[in-house]
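Both complexes shown next keep subunit A, but they swap its partner, so subunit B is in the first and subunit C is in the second.
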Partner chain A sequence: MYSKEIQKMLIKEKIEIGDKILLKQNNKEYSGVLMPRPELGDENCLVIKLDNGYNIGIKTTDNFKIKILEKLKPIKKTVEKEKLEKGDITILGCGGTISSKVEYKTGAVYPAISQKELLSNFPEIKDITTINTRSIFSLLSGDLNQKHWKIIGEEIEKELKKDIEGIVISHGTDTMHYTSAALSFMIQESPVPIILTGAQRSSDRGSSDSKLNLLSSLMAAKSDFSEIGVCMHSNLNDNLCYVHKGTRVRKMHTSRRDAFKSINQLPILRIDYYNKTVDSVNKYIKKDKNRKPKINLKLNENIGLIYIHPGINPKFIEKLSDYDGIVLAGTGLGHVPTNAFNDKNSKSILKEIQGLIKSNIPVVMSPQTLYGRLNLNTYTYGRQLKQIGVIGHLCDWTPETAFTKLCWVLGHEKKMEKIKQEMETNFVGEITDRSVVL
Partner chain B sequence: MKKESNLKCGLEIHQRLDTHKLFCNCPSIEGNEVNKKYKRKLNVVKSEISEVDKTAQFEKQKNTDYIYEFYPEVCCELEIDECPPLKLNQEALDIVLEIALNLNSNIVDEVHFMRKQVIDGSNTSGFQRTAIIATGGYIESSKGKVSIETICLEEESSGIIKKEIGQSTFRLDRLGIPLIEISTGPDIIDPEHAQEIAKKIGMILRVTGKVQRGLGTIRQDVNVSIPEGARVEIKGAQELDLIPKLIENEIKRQENLKKLLDKLKNIQLNEQLGFCTADVTEIFEETESKFIKTAINNGEKIFALKLEKHNGILGIELLPNIRYGTELSQYAKTAGVKGIIHSDENLEKYKINDEEIFQIKLSLDSKKEDAFVLVAAPEQIAINALYKVLERVNMHFIPLETRRADKDLSYFMRPIAGKARMYPETDIPPQIIDTDRLNKIKNKKGKGLEDTQASLEKMLNMDLAKKMLKSKYLQLFIKLTEEGYDPLLVANTLEQTLTELRREGVNIEKITDNQIIKIFTEYKKGRFTKKAIGEILRYTTETEDIDTILKTYELNKITGKNLEKIIENNHGNIGEIMKKYRLNIEPEEIQSILKNKNKKL
Partner chain C sequence: MYSKEIQKMLIKEKIEIGDKILLKQNNKEYSGVLMPRPELGDENCLVIKLDNGYNIGIKTTDNFKIKILEKLKPIKKTVEKEKLEKGDITILGCGGTISSKVEYKTGAVYPAISQKELLSNFPEIKDITTINTRSIFSLLSGDLNQKHWKIIGEEIEKELKKDIEGIVISHGTDTMHYTSAALSFMIQESPVPIILTGAQRSSDRGSSDSKLNLLSSLMAAKSDFSEIGVCMHSNLNDNLCYVHKGTRVRKMHTSRRDAFKSINQLPILRIDYYNKTVDSVNKYIKKDKNRKPKINLKLNENIGLIYIHPGINPKFIEKLSDYDGIVLAGTGLGHVPTNAFNDKNSKSILKEIQGLIKSNIPVVMSPQTLYGRLNLNTYTYGRQLKQIGVIGHLCDWTPETAFTKLCWVLGHEKKMEKIKQEMETNFVGEITDRSVVL
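This part shows the complex of A and B:
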């Protein structure tokens, strides 16, 4: 937003964003199209787009004059009513860079998920399949929570009642692995594939990974794979994508296009879009359009995920009693400080954890190492945790998967005993029985 | 001054700055070793104002794979487009601000980086980050002022090293090196004037001492148009001396194209020709034409295109040995073929015989006044190439083009880029340029070209001053003379002695500025003579330790008692003494000893 003074000046001169204006600052003169003010920078600088396409910022200081040269001509938008064709694969839009467009005039990002837009941006889709498209919402994935997972689940449930080959969900990447894990628990034994995909480079740049990710996802959604999967670049080349199991995948890099990795397991499928091949890398449940899915969309929204660190304050743990359930990301094999050797400088949080469990708040362990399996038998503090009823011994889940699972289990289960039993039972590949060497 | 034939000509100078990369902390130097190669595709995206850029679409048709060679020592995630830009290199910005001040330009109050779409693969991101730092300003020249339009700070692109059908290979080491781009107005009067301005801008840049030196660190683009011609952007003029000829050739090419268009009008050839092609591979089954045979053996097809009423037109020369057909060939090449053969050429050269020509014409249903074009390539590429040829033929005007300079000639690269290529780089916040910063630069900055030239001329003779101004040791010269060293001695050492040593085969690139400064400091202490400086420089490529050099090569200066003894032994014969001790004794010191003696007597 421009400063109040600038806004006043613009109103006085009847100038709006998009108008061509002339600026005079001392003896200098500039003409260009008035642009919206970016969030950062000096709100007293007017931003104009020069004829050569460059933007520059000009300060409205002394001897400043502004004049309108030309009003913005409104672009005539003919709103064509789209004739929807029925397609084999449904693309559900949940936001994120893959399905968004930048409105450069205002800087706003809006969903671009209409059938027509997708087909015109990615005409290659036609060579793979036919599509239906629908935008559920358009949000940054960092703003999503259990409520949104539930909405997505409901939309999937609707789609599964139709005669389709598969579902592709476009999603922001930051928390895509949470959503994929949650959906894995909520919708089990799906008759058709449900593939989440996103983009690490926004679609407005030539180097975007969105095209390969989307096209590969469509290939995955047509394949005989039938679980919840995440389909993203497998490496830094624009050639191959992997489909990862929804409960096994994790975003492992802030920005690389191959940020998504399967943890403790191989990915499921390797998709080679350019050679049109789908290879299986790991076991999976096969497509069966006659299968009835098991759907349970109830989630507890009041779960905490806590990162254990040296010197963690016991009082902080005590205060976690506002949550209905806690997942700890522990050190090593699944540890927290318990002051096992009674050192005068150490602080234990064992009593506080026990307090939580006693007040019927399940506490679940997960590894901050991400790789490897928990084992609460090896060290003293592990045994202490196990003894007081911390859940997760021998589980090889990621903190995020443990978290979404607890959301789901507490959505339908209240009894501690049952909760522990369900948590430590494998449902959808979140706990494996063999630690494979990769 | 009146302009030659209403020529419109401007320059765009790109110069690498002597600082680390623009948006990361990688050094701006050449890489040594490739450890990885990445393969990428680029998509065409809509621009800020929602027109897909023409050039972008054009490149897409080529559907290329882009291979990037990664140099781990000088490239990070940013070069391979795997992370957002870190922060703007403030030193680079300061250098551009200094140059803008020297060119009397108006500096913007807030810098906005833009993404300029480039889909030729030279940027892994698909765009180049660029910002206007200043507008306006001028350069004085022998033919009046030439205006500056814009001064930009931008990222260097990656360097193309191989181009094959469907695949281009680039090296990433230079991607992201900061560049200053100076664009002049179309005020250049004639081809020689262009050279003068290019030279002058080059000097203005070098005088700051903050730009890179050496091959490939500066590039000149030339914009040329003539009345009823078209604006043509010629990229990458390497040698300044060839710029006048390059521009003259472009003027001639456009003038001859104008004549050719008139001719076509006269034979009423202004309708759009249709795309009439034929697969003529079979005709060449038993051909003696070696290259056609090889193509067919490689599974390629031979395709022919009919160009109605063009018999004789394709052979018209635009420049010596450059025919209209050559222009068409350049368009065909953008589709990935190596070139074309056309019917106005001497086809015997390719061992294509009359029977084959007859058969080609037959399959195209050609009349006598028609011409044909042949290509050899995989089917789809061949058809695309011929379509490019047809598109060019159907342009009944001189097209706006971006061309690549090759010595004094230029070749078609792509249609000229429109302004639709820009959109804001949202990953880099706008940067405010306040007066404090500008004042600091004003106080710290060097003298600028004119003042430096004047002060050199005060210190040195005209000839040496000129040499020094262009010298890569200019900054070192300024530093040493500011510290009180004799300008003539410094200039001679840097410009003559070092050149002589280089000619003798000494690797003077190994001698650092610091080592030269050290040698001068020791010289000032009186440890060796003026004449010995050259020898010390020679041996400093072997060891940097001056004591060792002086000892090993007996280069210590002889003074005091020892000198007196030598004078005595040689009966004060200066000529004789200098013959024996050329490198160890300053003749002035003999003279002063002799003078003192005489006084005493």
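This part shows the complex of A and C:
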């Protein structure tokens, strides 16, 4: 928000963000589009986008006048007005690159998943299924947290009461694997498939992966698969997608279209959109529209995920006592430094972790190698951690899946013994007997 | 250490750890080997290993007598007494699975890298090279920190003054990639190869990788490669090794023999021990025994490596102000949540990071995807981070390499502007123009 003074001036001149304005100051004139105040910008500094595309900020303290040149023509938000037809697949929009359209004047991002827009952008949808679309929120996924997972869970719960074939959730990619793991615990034994998808490149780029990901997701949502899955490109060619198990997938590249990989397990389905085939690569729970899902949306929002590293200060571990639960990403088979620290007066990391557990904060181990299984029996290190009650011996989960599972378990369980027992019990494929690397 | 009372009793009876003793208490008798006190054990509780292999702890407060049955026969430590011959390759022992021998009576781990032992265990060495061996310390690598990196650096510096062909460092695998990255910054332009190696399975197991890794490392140390490298199995067959660049390698599996992978670059060398070939896979600096190395061993030991995750509490970021520098493992292209947190009174993560930077604590971004390049220009997220001074735009380093680089840069540089400039300048292949995924 701009300063109150600027806001008054804007109201007086009937100027809104996005309008083209003329700005006069000290005999200089600037014309351009009024931009929102940047989060870290000076509130007394008006930002306009010049015709050459550059933004300039002008301090409004001096001799200063503005007037409107042209009102912004708003993008038609058709989603509310559209008459929704009943479709087989419900698409829930959560934002992210896949479902966003940039309003170039202001740089603002709008959800572009109205039924009409989707069907006009991707007419191929009609050959696969009929759809319902609804936008839940429109955020880049780096900004999502447990509150958003809960909102998505509630919307899924509503949909599961309707007569539909499946659900597709369009979602930003940064934290899609956190959301898919969380939803896997929150909504178990779903009667129909629930598929998250996204895009690594925005739709206005030739290399965009949004079309294939969306169409393949719809194919997955029509298939007999019936778990929480993530559907994204399986390779760099724009022809094949994988559906990964929600608790097994992780974003493994900042920008490639095939960034999502299954960790310690094979993907579940291979979707060949152009040949219209869905092949199973791994076992899965089959669709059964009469099955009643087990839904428990309660989450603890106060969990920390901590990276263990050489020279980590025990005092830092002590400070974690504000959290209700901790997941450690340990080295090797699940280790933390056990030796006394540089400062002789300080406790060891081991003692600090013991302190957390004694004050009833569960501490869960996960591997920073990402691949492979923890083993807290191989070295004295691990045995000591196990002895003081660290959870996770023999688990083959990723740090992200261990983290979302702890959010979920602490949402409904308070007793340390029960928490340990639930954490170390497999619910939805997050702990397996045999790890597989592709 | 046991309690003073127990220690007195042991001295009186001339009993030492490892001796076989007889213990009488309340008409019961136990005989077994006296074990060291477990780190978390009761200091008044004597631990003995019974003949059946189980350990028992006996509280010494009651009616209690001990006497010696048999003195421990100590393992011959031959390393100091051996007359060292001048060899082409120096092997420096730092501990870890590869160079350890378990003393089964007490469970203690001894370095087993005396020249005689190595040559008798691995007679194949003689066909490759002559060796000198020296143990620096014997620790599992999860316990190593910046102090140990410095000690290794000093020992390498000594060796580089001698007429040798190369150096092999035997090291635990948990944090080998941290050590290799740190040494890469500390010792630049080495005249001869410096190769770290280790083992994922101990030498007493049939599946041990220690022999091939050690012999391949010696081949690498004799080759014309001349950087800091990590030599480990390239696949699950016990036949080929890769040498990875020290700043590019990461342990990517808890237990597999081919756990070490080059991230965003190809490995450097492929070593085929059985066919005695060394093939180059990527470019490298060639050996030049007349080159003077650039050595700067100063490190800052007070750096944090922080995992960004959904629901991370801004208060937690505020607490990082005890560190001299921070590396963030951000989501996606290098992001942190930018929205205000649940608690309306709390600052955003962005504001907290800005606070750290304003108080002169450099904050460096790295990707939690591990693979791929950061880009702080693509989304508003990243632009805001860049604007407040977060370091790392366009870098393609791992969190571990960014971390060790910050330890090194803060070892000699205090000015924020210079720190940013050095961090974003490529020194030893840690930042490259073009990322490659194998």
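Everything that follows uses one rule, which is that the second predicted complex is superposed on the first by the 345 of 438 C-alpha atoms of A that agree within 3 Å, B and C clash if a C-alpha of one lies under 4 Å from a C-alpha of the other, contacts with A are read in each partner's own complex, and residues count from 1 in each chain.
As a convention for this text, a residue touches a chain if its C-beta (ideal position, glycine included) is under 8 Å from a C-beta of that chain, and two chains touch if they have at least 3 such contacts.
No experiment lies behind these values; they were computed from the predicted model shown.
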So, A:64: does it touch subunit B (first), subunit C (second), both, or neither?
neither
Which superposed partner A:137 touches (first subunit B, second subunit C, both, neither):
neither
Determine, under the contact definition given at the top, whether A:256 touches first (subunit B), second (subunit C), both, or neither.
both
Quick one: is A:207 in contact with subunit B, with subunit C, with both, or with neither? Answer first, second, both or neither.
first
Considering only the touch criterion stated at the top, classify A:427 as touching first (subunit B), second (subunit C), both, or neither.
neither
Identify which of subunit B and subunit C touches the larger number of residues of subunit A.
C
Thinking of the overlay built on chain A, is A:312 touched by subunit B (first), by subunit C (second), by both, or by neither?
second
Could you say whether A:237 touches subunit B, subunit C, both of them, or neither, answering first, second, both or neither?
first
Of the residues on subunit A, which ones does subunit B touch that subunit C also touches?
38, 40, 107, 254-256
Which residues, counting only subunit C, touch subunit A once they are in their complex?
38-40, 107, 139-147, 149, 172-175, 178, 251-256, 259, 301-307, 309-313, 315-316, 319, 322-323, 329, 331-339, 342, 350, 354, 367, 369-375, 379-381, 384, 387-388, 399-400, 403, 407, 437
For subunit B, which residues are in contact with subunit A within the complex?
38-49, 56, 77, 80-84, 106, 108-112, 114-119, 124-127, 130-132, 135-136, 150, 152, 419-424, 426, 429-432
Residues of subunit A defined as touching subunit B within the complex
28, 30, 38, 40-42, 45, 47, 49-59, 102, 104-105, 107, 201, 203-208, 211-212, 236-239, 254-257
